């Protein structure tokens, strides 16, 4: 192999490195333009924002269930924490003129609060797996829900309202991009490989030097952080939240999106969230029969395509060049010397 | 003092219902190592079947009970055959998600057919006796005793009959049992049938005590029953019974001394604590992993 | 200075004594074998050394540190690696990724750098990839780098498991029945291979095997276990002629 071929393949790789960031930035710019000049029907924007929020939720749960192979069933609990913290801040704490400027901080605070609880949930996951972890996570979600119902300042079972419509298309877009970027970075790092090893064979992973506790703590914290973010955005879109909005049905929705789109796949999460949100909207005329059809679809999915539409496969443009072309670039280097 | 005994009686009633449902969870887990998350909804189906047979056909109690139990059993067998059996070799997660889906389907399907809560007509006369200051309702006693009878019958079946032995054998070593000429699929179907019929019976008992029923009633009750099964040691039949009564006791005691909104909170907190410190429950055995 | 020292190690399980008064000293670059009937406790000893089980009695010292009570990942970070009786590769991951995973403990960047894909992270990842592929090339597996581990033929899977263990940069390598399922030709290749990696990587190797041909020819020393107890220790020749060993394990009249 001669030097010029090596050079051109390295150049090609370097150029492609800018593909993903450019794509993400243009999507964000687009959202700004649409919002500023009201280029889309408000209803369409609303749906787009719901899709965005669902993407964040799906990505965050996919990290735990899809990539790590654990079984977290109470994800709505983290969403609830983020929703309530962010709402409480914008409604009761931040002075009115500042809420637009401090909105991202309120959302981030919701995420952090959820992350702290996620950290706590990580600990039972050290010893339990599968069905048992499912119950633990669900119990946590129930405890969160029951806990909120017992706190009067948060409105208890009646709910909490008063939030301004601070969630806009650009803001949702921003958080979607951030969650996508961070979760992708995590996956393509030694921690992400640790996550995969836990799924494949946890004990073998431990014996290959993976500190599974550290990995689980990181995964649960990042996952619940973004679920909290999604909750905060949700609260400032709907402008009203109550504990029932974050019950087992919500958690099941997120599960459906993960398994529909595909486990262990970012593109799968994007797809699953989009398809599911759109499906729910399109089936709205069916009324209650919508909620009869959806679980049936889920069962069909599990029977015929359990890994999901894009299960375990990733869109090439999401994979870092370094990982995608690792062996090719190494061979090119070897051939050149 | 009488207050305590009064609450104990309530606890026994609630506990009986939890125990009946818990048995269904534990039997299926014992034989398939799978948590049938749809089981709580079969309890709900039992209650609704009770409603239909009682109000539309105006049947007396015993036929209502038998029909509801059989209906639930049939449904359970169908679910196993068409939703769970194809996934026996699939990763556990698929089966669990499917169970969740089946449950949701049952809930919403029932809701679609019954948009408003239903009131089950009174099937049994309720006499109230006063005994040393304790107010006892005949309904309570009936529920407790008939539940215990059902559980006792189950225990007999599992311990004494060939079917029961086959069930236990399958729970210990699924691979070998077919080689002994045991029709595994049939036994599994029977296990589901028995487990869900008990859940259906619980639905009937529940509607005797709390006649207003709605399609989502199975969710919380299902989870409580599931907690009971885990408390007693999932997979262990005696454990499920004990667990049911323990949870009933805990619940009633919480409600007696704390605001009732804490009831579910405590139940789940108990579950959490248990899972962290003794995941195999009271009568279960820890499973060491072979490396 | 000894690499590993196990002193009066015992382990109880559910009322059964799986390992009873096990003693072993490993000098640098020794190649030692453990043999014995099935259920004698051999893999249990591996599990005790690597921290999967916590010994109920006795001490194990590695690199001057007591390791009983440490987690498996801590022990691996100290320099002990192993393979498994039944291959335990990361099946859905590629050959390359299987080896990359094992660099977890040696990688020099923290979570924050990883989440942001900072410069230090990127350089370290390049190094890890290079090191992994060099290792694979060394073991003649590099052409399979992008293949899924589950698609590899059995013999290559065994080799990959060893490559993965080597990626943790161990000083001590534990091989659990490396020759299982191999025909005599493959066993001969394996024998050369084991000695070669011992020399190339300056490893101390402890192995469990049932294939006597391999054990007698490459092990410098043998321990024989039966029902958890060590019934003999010494050079292969001595073990072969030991009457108690023959009675318990080789079955009376021993064939070489």
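Odds and ends about this structure:
By written order: A, B and C. Residues from 1 in each chain.
The working rule: a contact is a pair of C-beta atoms (placed from the backbone, for glycine too) under 8 Å apart; a residue touches a chain by one contact, two chains touch by 3 or more.
Note that the structure is predicted; figures quoted are calculated from it, not measured.
When chain centres are taken as C-alpha averages, the shortest distance to the whole-protein C-alpha average belongs to A.
Using CA-based centroids throughout, the chain positioned farthest away from chain B is C. One inter-chain figure worth recording: chain A and chain C are separated by 39 Å, centre to centre, where each centre is the mean of the chain's CA atoms. The geometric centre of chain B is 48 Å away from that of chain C, both derived from CA atoms.
Chain A and chain B have Cα centroids separated by 35 Å. Within chain C, residues 52, 84 each touch two or more of the remaining chains. In chain A, the residues touching two or more other chains are 203.
Residues of chain B in contact with at least two other chains: 291.
Residue ranges of chain A in contact with chain C, taken from their complex: 182, 185-186, 188-194, 196-197, 200-201, 203-213, 218, 222, 312, 320, 322, 326-327, 330, 334.
Residue ranges of chain B in contact with chain A, taken from their complex: 34-35, 83, 86-87, 90-98, 100-105, 108-109, 111-112, 115, 219, 223, 226, 230, 259, 261-262, 264-265, 268-269, 271-272, 275-276, 279, 289, 291. Interface of chain A with chain B (complex): residues 65, 69, 71, 73, 123-124, 127-128, 130-132, 134-136, 138-140, 142-143, 146-147, 149-150, 157, 203, 248-249, 252, 255, 259, 288-289, 291-292, 294-296, 298-299, 302-303, 306.
Looking at the complex, you find that chain C touches chain A at residues 50, 52, 71-74, 76-77, 81-82, 84, 88-93, 96-97, 100-107, 109, 111, 114-117, 121-122, 125-126, 128-130, 133, 137, 142, 145-146, 164-165, 167-168.
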